[in-house]
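Both complexes shown next keep chain A, but they swap its partner, so chain B is in the first and chain C is in the second.
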Partner chain A sequence: MPMYGDLGNKLVQHAKRTQNLTHLPPYQAELVRAVAREVRDLDKDVASLLDPFQGSFDPSTDQATACTLLVNHLSMRRNKRCLLAYHRTRTDKLEELVWNGYDVLDLSAQKTRGANSMTAGADGGTSSLSPQEEDYVRQYGDLLAAYKGQWTDIDLTGSLEPPRDLFIDVRVLKDAGEIQTEYGAINLTKNSQFYVRQGDVERLIAQGYLQKLG
Partner chain B sequence: MDIDDILREVDPTFHSVPQETRDLQDLTRAWVAERSAPELLHWPAGGLFERINDNIKRQIEKVEEMTGDMDPKTNFALIVIQTELERFKYLVRSYLRARIAKIDRHTLHYLSTDELRSRLSEMELAYATRHQALLHNHYLSSFLSSFPPVLQNLNDTAGNISMIDAPDLESAVFIRLLKDTLVESRGVDNDGEMDGRESDIVILRWSDAKRLVETGCAELI
Partner chain C sequence: MSYYDIDSILTDAEKIPCTFQLDIPDLGYLDNNPGQALKSGTKIALPLWLAEMLAIANLGDDIDQDKSFVSFELPAAVGNDVVQALKADPRAVPLRDQSPHFYGLATHMMDLSEEQELGSVLRKTFVTRAAEIALHARKVGGTTGSKGGPAEEASNLGVGGAGEEFLRGLDEWERKLFRKAHDGSKAGKEWMDSVKKR
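On to the complex of A and B.
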């Protein structure tokens, strides 16, 4: 027989695991719903326990009921904490992806398509984000873009490594097409090597098209 | 003209160090301090960032101008200016990111009182407010709206436990003393005291170091 808080605990374990992963595991919609349901049931229990007392409940005369109330009260709050922790861990992860310049929605959509083609669409929506999270990512992306827009010359999402050299050697890992620099256009074809200005290619390094050498 | 202007004119250091150099020093100081302090520090007053932004803009224009003429003589100067520009931009970026990271971590805390709100720049305040609203909305639509109304708050303080997480002001920082001063610190068993000399380096709790840093007796390193 599952105890109060068992489900919440599972959520926290999921959250803990998420912290150490590079990708975002699927949203535990079922578990979230179950924990929220537990909270509502507990709240109903509290209401029905208190109902006969008509607002004149005295804990010292009925200690058994008082104890039940306290346990219910704490379990509800604990569940809430678990839910908050779970969601916050995931949004933190999503924000990190947004900061790193990934198109999170595109990424999860690709994954969905990839998974579907393999399992022949046996499992409909396998996106690892909940619909609410997709909304959140979209809105956070807008927010970040707005904040970044106020610092146009800085490029806030740029590298946080202190710049040592103006020019660096890079190797092209994936075809990235042609980029424009102030010294002319460079055609980035796979396996070629270039000596370029760091500021021009930072984005491409972050996205994994180029690898910095040396 | 007020008293500050007069005082500045008689200050011997005022004319010897150009504004740009002092701005860079201020920025570097703010950057080092922000990265070591466990809590968010005040946004620098006096238009420091407006000046820095203008400087960066000016340098970018200059670089563009110099790239125009392909004279090899200017090429070396161009590389020097570009390198300097990249470093300048890095300082600003790293500084802003350090602040955003702190704000994101304890958003509700920094929005909770006027004193704390005043530490944020206008843009940061707008960002933090919006970010918190987004998060709250996300919680609401994900699960919170199905909760009983009394449990829907994010800032409960019932049972003497506040839901609002705050930065740990007791964590340790390194400071360098800028003048001779008495350093007091609270310990677990008993409090400590020492006569600090200029340029001494001390490690102590941020809550104890804060006063020294704010009065200009010490700087974070």
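On to the complex of A and C.
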């Protein structure tokens, strides 16, 4: 029996699954739209139910209508909660990814490219983030950068593990261009290997450009 | 139990058996009969988020006429059979089969109904099962560091079968407890190892 609130529940089940994943699954644009449509339909129903009463509805004289109104109202409220919780779960995850130093936008774009080559662009090049979420990530990233900028001598998102060695061996997984270090410039081309100071490349390791060896 | 809590929302989707107390022309779709009136006395399983408010909404100004839109019964998950089984041995009941959010559902029902016994049965159930959960959480994947040697490891493997059965029956809340206990003992062991290395 399909019922009001069922779609919202599906959305929350997606959120539940998202909580246990390390990455962010694709945004359920279709479901979100359907739930929002349901709310609009319910609102229309309520308006047409109340219309004949001209603003003088007395619940105790027409209990059947009162009950219908209550059911509609509760369904809308339920859908609202499902929608908010779904989006909140995702933004929580996005914030976590930003704090961990992942380039979220880059990652989701890459995944799309990978998926598209397999499914031959069935989804028409959509990212796993909604446009609003991409905006959110961008602005949250800016906010975090501004916050971190207050302390130049501490990297708030740096590793909490004290390094065992000052210098480490790294292998380059993706071309990352030229970086400047205290010991001069290094050109990071794919598959090359370097012995570098850990502090110089920590960021690049977190972003997946470099792999730590040994 | 925050507004945004996913498990709390899923708990509210659990259905309980309700009986409508009056005819409602527009709600036929709830009984799979869109377009038809919903007759008084119709029994429908409604999700908690709907049933709860319908059951406590009081009709009219008559205080002595204590009537609401629906009356409800205890769902089977916290029904007499389950309660009796829990009284016999809390560890033997796979709560997950009753409801993935067993405790959440049960506490909701305690708020709604005047079931006196349920609370104490639940408390005993949780305490007994929590001890068992803690025991399993320490064992899973943690045999290498134990001081007991090969004999204890062997016995751990022995309980593995029955333990799995028990762990599969945990409800969401208990699963969280299990994960926390497991991560805790694992982190503790890792720290001890890193201290020894230095």
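What we mean here is this: the second predicted complex is superposed on the first by the 155 of 214 C-alpha atoms of A that agree within 3 Å, B and C clash if a C-alpha of one lies under 4 Å from a C-alpha of the other, contacts with A are read in each partner's own complex, and residues count from 1 in each chain.
Convention: a contact is a pair of C-beta atoms (placed from the backbone, for glycine too) under 8 Å apart; a residue touches a chain by one contact, two chains touch by 3 or more.
Remember, it's a predicted structure, so these values are computed and weren't measured experimentally.
Contacts of A:Gln180 after superposition: neither chain B nor chain C is touched. Contacts of A:Thr68 after superposition on the shared chain: chain C is touched, whereas chain B is not. Using the contact criterion defined above for the overlaid structures, shared-chain residue A:Asn191 touches neither chain B nor chain C, since it reaches no partner.
When the two complexes are overlaid on their common chain A, residue A:Thr22 makes contact with neither chain B nor chain C. After overlaying the two complexes on the shared chain, residue contacts for A:Leu49 are found with chain C alone; chain B is out of touch. Looking at the superposition, the partner that touches the larger set of chain A residues, chain B or chain C, turns out to be B. When the two complexes are overlaid on their common chain A, residue A:Leu84 makes contact with chain B and with chain C alike. With both structures placed on the common chain, the touch criterion links A:Ser60 to chain C but leaves chain B unconnected. Common to the chain B and chain C contact sets on chain A are residues 84, 88. Residues of chain C that touch chain A in their complex: 3-7, 9-10, 12-13, 22-27, 29-30, 32, 47, 49-50, 53-54, 57, 59-61, 69.
Those residues of chain A that touch chain B in the shared complex are 32-33, 35-36, 39-40, 43, 76-77, 80, 83-84, 87-88, 91, 95, 130, 132-133, 135-136, 139-140, 143, 146-147, 150-151, 153-156, 158-160, 162-163, 165-166, 182, 197-199. Residues 1, 3, 5, 9, 12-13, 15-16, 19, 49, 60, 63-68, 70-71, 74-75, 78, 81-82, 84-85, 88-89 of chain A are the ones that touch chain C when the two sit in their complex.
Residue ranges of chain B in contact with chain A, taken from their complex: 53, 56-57, 60, 67, 79, 82-83, 86-87, 89-90, 92-94, 96-97, 100, 104, 123, 126-127, 130-131, 134-135, 137-139, 141-144, 146-148, 151, 154.
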